[in-house]
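Presented below are the structures under discussion, each in the form of C-alpha cells.
In the two complexes below, chain A is the common chain; its partner is chain B in one and chain C in the other.
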Partner chain A sequence: MEDITFHHYTQRPAAGNKHVAIVGVVASGNLEVLAERVLSNDQFKIEIRTAAEGFESVWSAVVADFVERYPTGGLKFSINDGGARPDTVMLRMAQAVRVMEEG
Partner chain B sequence: MTTVQDPESSIHRADSTSWYEASARRRIELLLDSGSFHEFIGPEMREVSPHLRVFDLPEQFDDGIIVGSGMLGGLPVFVAAQEGRFMGGAFGEVHGAKLTGLLRAARDVKSRPVLILFDTGGVRLQEANAGELAIAEIMRAAVEARSAGVKIIGLIGGRAGCYGGGGLTAGCCSALVISEQGRLAVSGPEVIETNRGVEEFDSRDRALVWRTMGGKHRHLIGGAEVFVDDTAPAFRDAAMALIETVLGLSLDTLKSEQLRLDTRLQIFGTARDALDIWTEIGIPDAGSVPGMPAEEFIVLADKVRSIDHDAR
Partner chain C sequence: MTMNWQRNREEHLARITAGNALAKGKIVEARNATRLLEAVVRPGDRVCLEGDNQKQANLLSNALLAVDRTKISNLHMVQSGVVLPDHLDLFDHGIAKRLDYAYSGPQSARIATMLFGGKIELGAVHTYLELFARYFIDLTPNVALVAAVSADHDGNLYTGPNTEDTPTIVEATAFKDGVVVAQVNRIVDKVPRVDIPGDRVHFVIEADEPFFVEPLFTRDPGAITETQILTAMMAIKGIYAPYRVQRLNHGIGFSTAAIELLLPTFADKLGLKGKIASHFALNPHPALIPAIESGWVEQIHSFGSEVGMEDYIRARPDVYFTGPDRSLRSNRAFCQVAGLYACDMFIGSTLQIDLSGNSSTVTTTRIAGFGGAPNMGSDPRGRRHPSEPWLKAGQDADPDRPAPLRRGRKLVVQIGETFGEKNTPLFVEKLDALALAEKLELDLAPVMIYGDDVTHIVTEEGIANLLLCRNQEEREQTIRGVAGYTDVGRGRDKGMVRQLRERGAIRRPEDLGINPLDADRSLLAARSIRDLVRWSGGLYSPPSKFRNW
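Let's turn to the complex of A and B:
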C-alpha cells in the first residue's frame, strides 16, 4: 500500500452544502471516495491509499486536471483505491463533487 | 427527516433496478422509504479493519457493511447491508461488530424489526479468528433479539450470495427472502470440491451450483420463505409482508423446526440431485425449473410447496 497526499489552492468553492458523501467501492479496479466539507473555500486536499504502488506522478496529473475542471474549494477527499485506472478515478471524483452538490 | 413520500414515483423510480447489480447503499435507498435512512457509524468515522493493514490490503471506510435505522412503509426498522464487492462481503472484526451492535440495539428496543441484506462469502480469511468470533456473537445477538420479540428478516440476492457464517446467520433469522441469484449455503462450491473431491461436487458446473444452492431450490425445500424476482420493489414488498406475518421465537418454534428438518431428511435423504427432490415434491418437468421466469416459478412453487408449518 502507498499513501499519497496532495494539497491544492483553488479559486472555485464546491457547490451545495452537504457535509459528507461517499461514492464507489474498494474492489479490484475500483475505488471509494469519501468527500467532506471541512476546509476553507480556497483549499482542496486529497489523501490517497492505493494498492497500486509507484504511480504517484499519474495521481498528481489526474488530481491537477480534476481540480482545474471541477469546483472543489472546501472539500477534503479521502480515497481507498483498489488499483483503479485514471479514467475511473476521474469519474468517481466527479461523482463525489456532484453528490456533495445535492445536499 | 421526512417520511412522507409519493409511493407511485418511488416505485416507478426503482421498478427495473436489479437487486443483484445494486450496491449495498443503493439497496438500502431502494428498500426503505425515500430519504428515511439514518446511518450508524458512517464512513466518515473511519472505523476500518485493524487487520487488513497488516496484510498490506486496502481498507474500506465502512468495512463493507452499512448499519442504521429507517422507515419501511411507515414502520421504523433497523437495517444492515453487506457490500459484496468489497472482499466478497466477508465478515471481519469491525464488520461483524457493527451487525452485533445493531442486533443488540434491536434486542433492547424490542419492537423494531431488523432487515439484514446479506451479500457475503463468509468470514474474511485475513481476520479469521476475529471473524469467527464475530459470527458467534452475531448468532447469539440474533437469538437474544428474537427472544425479546424482534423479527429479523434476511434478504438474499447479492453477487456474493450468502455463505459460511452468513449462511449460519441467515439460519437464525425469523424468515428469509431470496431471489434466483441469491445462493444460500454454508460451504461454498469450491470449499466442498476442495474437501470432498470433484466427484462430490464440481464447482465449475454452474448449473449444478445454482440448482443446489440457488434461490429456487432454497425456496422449494422450505429454506427461504419467499421467492422474489431480482428487483428492488419485489424485495421491499416481500419484507413488508413478512414483517406482518412471521411468528416469534419460542421453544415450540424450535421443536417445529426440528420436526420440519427431520421430515425433510426422511423424504429427501436419498436424493442425489435437486432435480430428484423437485420431482419428488410433484413438479412434473423438474428440468424446466432452472430456466423458468420468476413469475411462472412463483405460481408453480405456491402449488407444490406446503408452507403451513410454524417452524423456524
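Let's turn to the complex of A and C:
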C-alpha cells in the first residue's frame, strides 16, 4: 500500500451543491472515489491509497490533467485504488464530478 | 540423353499402391491410420497437416506422431496453423524438422521455446495468403492430411461450415501428384454437398470422434469495458462516418466487438444505418447478430465458421454464403483475397505500437504468428477500383497530386487502450519483436502491421490520423499524442501536439462531440451472451464455456 496526496489551486469551483458522493468500487483494476465538498472554492485536494506502488509520477500527471479539464474547486477526493489504469482513474474522477453536480 | 518427365507421377503411383494395400476402395480403418501414413509419406517430404485457424485434423496428427521414425523423419511441415500440442511433439520426436507456418495461437509460448532451443528449423512465419501462395510455387506439399465432416465412398468430401483452408491445400497437393488423406467424422452414401471432389482425395479414414474445432471469435459482451465503448464510439464517429466505410474487416478483440454492438444503438442515432458497415469479410461473429437483426448488414463472406452459429447462419442465407445444404461455406483463401482487395478498411487491436506506427503481437516469450492480420491490414498496391473511403484516404495522404493520378489508400486502423492486460503499455519505444529477431538471428523482425500501412490509431485519448502527418517527427508526436499516460505518451511535445490537434491529425473525444461519461454499458445492443441468444431468436447456440445460466 502506498499513500499519495496532491493539492491543487484552481480558478473553477465545482458545480452543484451535493455534499458527498461515492462512485466506483474497490476491486482489482478498479477504484472507489469518495467526493466531499469540504474545501474553499479555489482548492482541490486528493488523497490516494493505492495497491500498486511506484506510480506516483503517473498519478501526478493524471491528476494535473484532470484539474485542467474539470471544475474541481471546493472538492476533496479520497481514492481507494485497486491498481486501476489511468483511463479508469480519469473516468471515475470525472463521474464523481458529475455526481456532485447533480445535487 | 532422354529425360523422364513422369518422375512425380511414378512416385505418386508407388505411394498410392503402397497405401491401397491397407484400403478397401479409398476407405482405410482408423486403427490402420499410422500404417497408411508410413506407406504414403517419405522421409524429407513436405507435409501439410491440416492445422487451420479453427479445425484440426487431430486423428491424423496423432497417427503421424506414432509413425516409426526409423522410416519417417526430417519432414518439412507446411501448415497455416500450429495449434495442437501434437504439431510440436512431431519436432520433439524428430519426425519433423523444418517448419513454415502462419499462426500458432495456443502454442505461441512453446513454439518460442522450441525455436530458441533449436528444436525447429524455421523457414518463415507467413500470413495465410502468403503461405497459400507458396503452396503453388515452392512449398507444394507431397502429402496433405485434411479434415472434413463426411465423405462418400468415392472420396467426395463435405467440410461443413469450416471449409477454411481445405480447398487450397487439396488443390496444391492433388494437382501436383501429391497424396491427399482425409479424416472424416463419418462415411455416408451421399454427401450433403461436394466441397472437395473425390478424384482429388486418395484415402479416407473414418474417425471415432469429430475433428477438433475451437470457438475463437466469441467475445462475451459482459466483459466489454467503458473504455472500450469510448474507443468504439470514437471510431464510429471519427472514422466510419466521415469516410463512409461500407466494406470492411474487423479484428477479433473486444474493441471491435464493442463497435459491432454499438451499430444498432449509438451509430443508429447518428443516422448512419445504410451508410456504413454493410459488407464484411468476417467470420460469423456472434457480436454482430444485433446489427444483422436490425438490418444493418447486407452480406458477409467468411474465412471459417464459429461454433454455435450454425443454425443462425442457416436461417440467414441472404447475409451469409451458404451451400445447397444451407450450411455455411467458408474459404480462407478467397476471404483473404476479398479482405485485401474488396474491403476499404481493416480495424483491429494489437499488443505493441512503436513511434513509427509499426505494430506487433510478438512478445519475447510468445510467437503467435501472423494469421491474416498483415494481409487485411495492408494497403493493396495492385488495387485499381475506386470507392469513396479509398479515394478520400488517398486525398488525405497526398492532397496536392492531381486526382486522376492519385492512388487511393486502404484505411488500416489500430484500436486499443493505452494500457492493456496487467497494465502493460500499448505504446513502446522499441518493439519486443526486434529483440526476438536479434535473439533468433532472423532477417526480418516479426512486424504484424508496418507503420507505413497504418492510417489511424484509436485510443481512449483520441484518434491519430497518420494520413495527415507529413514527416517522421509529426508521426511520432501524433502517436505520442494519443498514447495517454504511458511513458511514450508522457514524452510528448505539448506544443506540437496542440498544433497537430488544431490540424485534425489528433482528435480528442470532445473534438468529436463525445463526452467520455456517456460511454456506458447501457449503449451496448447486447450486454451478455444471453442477450445475443435472445437477439437471434434462439438460433445462436453458444458453447457451454460461454453459458453461465
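Miscellaneous remarks
Everything that follows uses one rule, which is that the second predicted complex is superposed on the first by the 103 of 103 C-alpha atoms of A that agree within 3 Å, B and C clash if a C-alpha of one lies under 4 Å from a C-alpha of the other, contacts with A are read in each partner's own complex, and residues count from 1 in each chain.
Keep this in mind: a residue touches a chain if its C-beta (ideal position, glycine included) is under 8 Å from a C-beta of that chain, and two chains touch if they have at least 3 such contacts.
Being a predicted model, the structure only gives us computed values, none of them experimental.
Of the two partner chains placed by the overlay, neither chain B nor chain C lies in contact with A:Q43. Of the two partner chains, chain C is the only one touched by A:A94; chain B is not. In the superposed pair of complexes, A:N80 makes contact with chain B only, with no contact to chain C.
Shared contact residues on chain A (touching chain B in one structure, chain C in the other): none found.
Within the complex formed with chain A, the chain B residues making contact are 23, 25, 42-44, 46, 53, 56-62, 83, 85-86. For chain C in complex with chain A, the residues that touch the partner chain are 226-227, 417-419, 423, 460-461, 484-485, 490, 516-517, 519.
Interface residues of chain A, counted against chain C in their complex, comprise 52, 58, 61-62, 83, 85-88, 90-91, 94-95, 98. Those residues of chain A that touch chain B in the shared complex are 1, 20, 22, 25-27, 30, 32, 34, 36, 49-51, 78, 80-82.
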